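Letters A, B, C and D mark the chains as written, and numbering starts fresh at 1 in each.
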Amino acid sequence: MSIQPIRVTVWGENAHEKTSETVRAVYPDGMHTVIAAGIREYLGDGAVVRTATLEQDEHGLTDEVLGSTDVLTWWGHMAHGKVEDAVVDKVYQRVLNGMGLIVLHSGHFSKIFRKLMGTSCALRWREDPNERELVWNVRPGHPITKGIGPVIVVPHQEMYGEYFDIPQPDEQIFISSFTGGEVFRSGCCFTRGQGRIFYFSPGHETFPVYYQTEIKQVIANAVGWAYRDPASSPVFEITKAPNAPTGWFEKSGND
Amino acid sequence: MSIQPIRVTVWGENAHEKTSETVRAVYPDGMHTVIAAGIREYLGDGAVVRTATLEQDEHGLTDEVLGSTDVLTWWGHMAHGKVEDAVVDKVYQRVLNGMGLIVLHSGHFSKIFRKLMGTSCALRWREDPNERELVWNVRPGHPITKGIGPVIVVPHQEMYGEYFDIPQPDEQIFISSFTGGEVFRSGCCFTRGQGRIFYFSPGHETFPVYYQTEIKQVIANAVGWAYRDPASSPVFEITKAPNAPTGWFEKSGND
Amino acid sequence: MSIQPIRVTVWGENAHEKTSETVRAVYPDGMHTVIAAGIREYLGDGAVVRTATLEQDEHGLTDEVLGSTDVLTWWGHMAHGKVEDAVVDKVYQRVLNGMGLIVLHSGHFSKIFRKLMGTSCALRWREDPNERELVWNVRPGHPITKGIGPVIVVPHQEMYGEYFDIPQPDEQIFISSFTGGEVFRSGCCFTRGQGRIFYFSPGHETFPVYYQTEIKQVIANAVGWAYRDPASSPVFEITKAPNAPTGWFEKSGND
Amino acid sequence: MSIQPIRVTVWGENAHEKTSETVRAVYPDGMHTVIAAGIREYLGDGAVVRTATLEQDEHGLTDEVLGSTDVLTWWGHMAHGKVEDAVVDKVYQRVLNGMGLIVLHSGHFSKIFRKLMGTSCALRWREDPNERELVWNVRPGHPITKGIGPVIVVPHQEMYGEYFDIPQPDEQIFISSFTGGEVFRSGCCFTRGQGRIFYFSPGHETFPVYYQTEIKQVIANAVGWAYRDPASSPVFEITKAPNAPTGWFEKSGND
């Protein structure tokens, strides 16, 4: 019912793309441009999408950019350690205050995801061109599975397997199996503070997963789910610990 | 992003209103009309709202009505036992197949809520005109608390207290306290099949709770949350247990 | 720290065993005897285990038996419809009042499990001798996975696949994959009232799954987890809805 | 069924006790000694309990102490900032690898709790000698509420109120109300890695809460719940992200 478009920032590490011919062949303009295009395709006028990358000042996530971002998507891998802690802390505060966050694939080991989860976020993995991922929909009817059938077949994908060291998700949306027999909790919803977080594992730098129709739709659905209308929700300044005199709420219904 | 209005049916037992002067003084045209008006007020063109009551044929919940209802709200109390099992079974099937359900106040003891919960749904209670309910928002940022501050003050309300015999909610949205010291899980989200269920306890037949601004907003928010766009989601016929030959999903991505 | 042995009743439909040579070859004295023996093997003096079957009076679940059962295990399949509603209602009340319940394999479609879940409990399935089940441990450290490594390999097993129509489990313990690529939430914890419920899917009538070491250990672990010491816990008569005069709890800390 | 006693370490900041006459009057030998005595009283031979405090080398949490601790309890307040990050990191690793953690009262703002939660853990508060806390049992039948009735009355207690910025608990055990009308999620279970965490808010430095019978029992119950038998559970080295060649699990059922 909102008529404001969702302001989305697609963050990409953009490192493999520069160092690997193989990756460049699949994503010549970077993975972030393909992810951004997929969101635009599915949300249309409902979203305004821009990108930001590691090599930019403050990794492209200045106060101004973060302050005008409703939902941030995150893909990183080889350069997790190069993301500055000060930027991570700002993203963290924005999530607690209501910004949505979509963490993709190898982003499971990013500083921001581990900080929000409180666990190691470790998993098993295997790169093998013969691994097919079957992404099973275990929450039909959920906004994130809108338009998605019982299973998404990803023809080639890196294997991610359990045990995946995350807190139990608030909602389990997808569970994957791989040719080798492993399973993985591949679509997981979390809430931290006023922010919603969706982890979605399909999408590797050497496979064209982010061009696949269903994958684009899931990411666009997740953006819609994670969105919190800043105009209509009172801002709880949740990181303060306010002293509350008796009857404080009589005078004001708000914080 | 949907442009289809949500089709809401407000179900009311409409029994206290006929037998009690006190209730009639507060809700002269029945509680269902006030609940319906509140949803219209907050959702505007985003919803088409009609009502149905116990005394109608099939309690107003014919196949045609249920088939064209996206979200059903339920208020009942003294006549839970008069709701026919055949109607309850139809509502139950519709919820599993994706219809949203908002259960209000004494609806905790309705046949449909107990059937969906799998528990007794018992609680403690006390009618006392001096009981004030404080409805605390423990999920700021959630769609159901859009526009709602830290606490809703309901000046007069029947006391509902723990232990409330429900399964642990998927999401806990509101927790109430009462003047006498009791607490109550007063806003609870559940999923059953493809349907979303919200239980919301404020709202008694002898108090004008359903005229209160914040209460109307919460119910309207819950309608939006429970809505599942029937056009964009594949229907899983989830109550069948299909035999699945090897590779069935190769031919078809759907059920 | 309890020194009282856990009183376990293993309920078996015992129907396939009578009608099928194939089943009798695997379980000549009935599946229930093998399940009971496995619990005795792992819990030793910590449990007193008896069995009950469909053909007995009241299906072997008299008031006296249920009243002296701390944890009940349930295996049924072809005769779900023959279980009398009156017995189901008694088991249901006992679970709400604190009896543990372990539901095995095809018990997913039993009356008692569906009544406690509030959903259809439907799933996909395939009988194929070439299906291997890999049961992945997604909750290391949980009492139910005591002694269990990352994966249990069940060499031959009926395929059970998603979508499995259950409420989201309180805790997800195991997730399985099958040779054909399906996944299944094969170990799930629920609470209903004061009773704990564990659903565990491995174990088919034509495969010797209940003789397998890890499967026996998981079932024994689950019995320990579901146990609630009746001597040390106050009984909440949770299915009543008591009127609670102001200050009722001042006089008594209990129900 | 374990015969090994649980090895408990009670950690206390022990700072208020040194600087405030008021606190010393209530807890002359430190709060940690009273908490430790309560656990010994309820667990008897089932536990070996020692204490550790901030002023000791490595805050009393050397590798040897942590390596031989099954469950750690944590009370801190005015000196959270003096706890060294290196110690916090070691405690964090031990929790992920299976050590239980009981966080008490103002420990909500400790470094270790915030690191494990991934949120600010902020709350509202008020010190007022006239505040009574009613701690309601919303999970009868759970091991942590063994022996506990519907409500624990704490005659004098600091008010802690919502919004409490934590992730949704895996299990909600207690919810409190205060004289001033606030509510608080006062007993919350979490899992991080293989470790179980229980947050329990009653217990302030100027009130004799840790001498109260029911409070001692809840803490002792929580120790039993958080315990994970190190002899019987395989250690998953969960913070590594192992490469897993195809079929790795065929040779070994373990990590």
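We adopt the following convention: a contact is a pair of C-beta atoms (placed from the backbone, for glycine too) under 8 Å apart; a residue touches a chain by one contact, two chains touch by 3 or more.
Because the structure is a prediction, the values reported are computed rather than measured.
Trainee: Going only through chains that touch each other, how many steps at minimum separate subunit A from subunit C?
Mentor: Step count on the best path from subunit A to subunit C: 1.
Trainee: Using just the Cα atoms, superpose subunit C onto subunit D and tell me the rotation angle to the nearest 5°.
Mentor: To bring subunit C onto subunit D, one rotates by 180 degrees.
Trainee: Please work out which of A-D and B-D is bridged by more C-beta pairs in contact, and write that pair.
Mentor: A-D
Trainee: Hey, which chain ends up farthest from subunit C, C-alpha centres compared?
Mentor: Result for max centroid distance from subunit C is chain A.
Trainee: Calculate how many whole Å lie between the centre of subunit A and the centre of subunit D, each centre taken as the average of the chain's C-alpha atoms.
Mentor: Those two chain centres are 32 Å apart.
Trainee: Taking each chain's centre as the mean of its CA atoms, how far is subunit B from subunit D in angstrom?
Mentor: Centre separation, subunit B to subunit D: 37 Å.
Trainee: Mind pulling the residue numbers of subunit B that touch at least two other chains?
Mentor: As it turns out, subunit B has residues touching two or more other chains at 134, 140, 150, 161, 163, 168, 170-171, 181-182, 191, 193, 236, 238, 249.
Trainee: Help me check something: in the complex, which residues belonging to subunit B touch subunit D?
Mentor: 132, 134, 136-138, 140, 150, 161-164, 168, 171-172, 175-178, 181-183, 185
Trainee: Across the complex, what residues on subunit C touch subunit B?
Mentor: By the definition above, subunit C touches subunit B via 96, 109, 115-120, 122-126, 128, 159, 161, 163, 165, 167-168, 170, 180-182, 190-193, 236, 238-247, 249.
Trainee: For the complex, which residues does subunit D have touching subunit C?
Mentor: Its residues touching subunit C are 1, 43, 46, 98, 134, 139-143, 145-153, 170-171, 191, 193-196, 214, 224, 228-229, 232-234, 236, 238, 249-250, 252-255.
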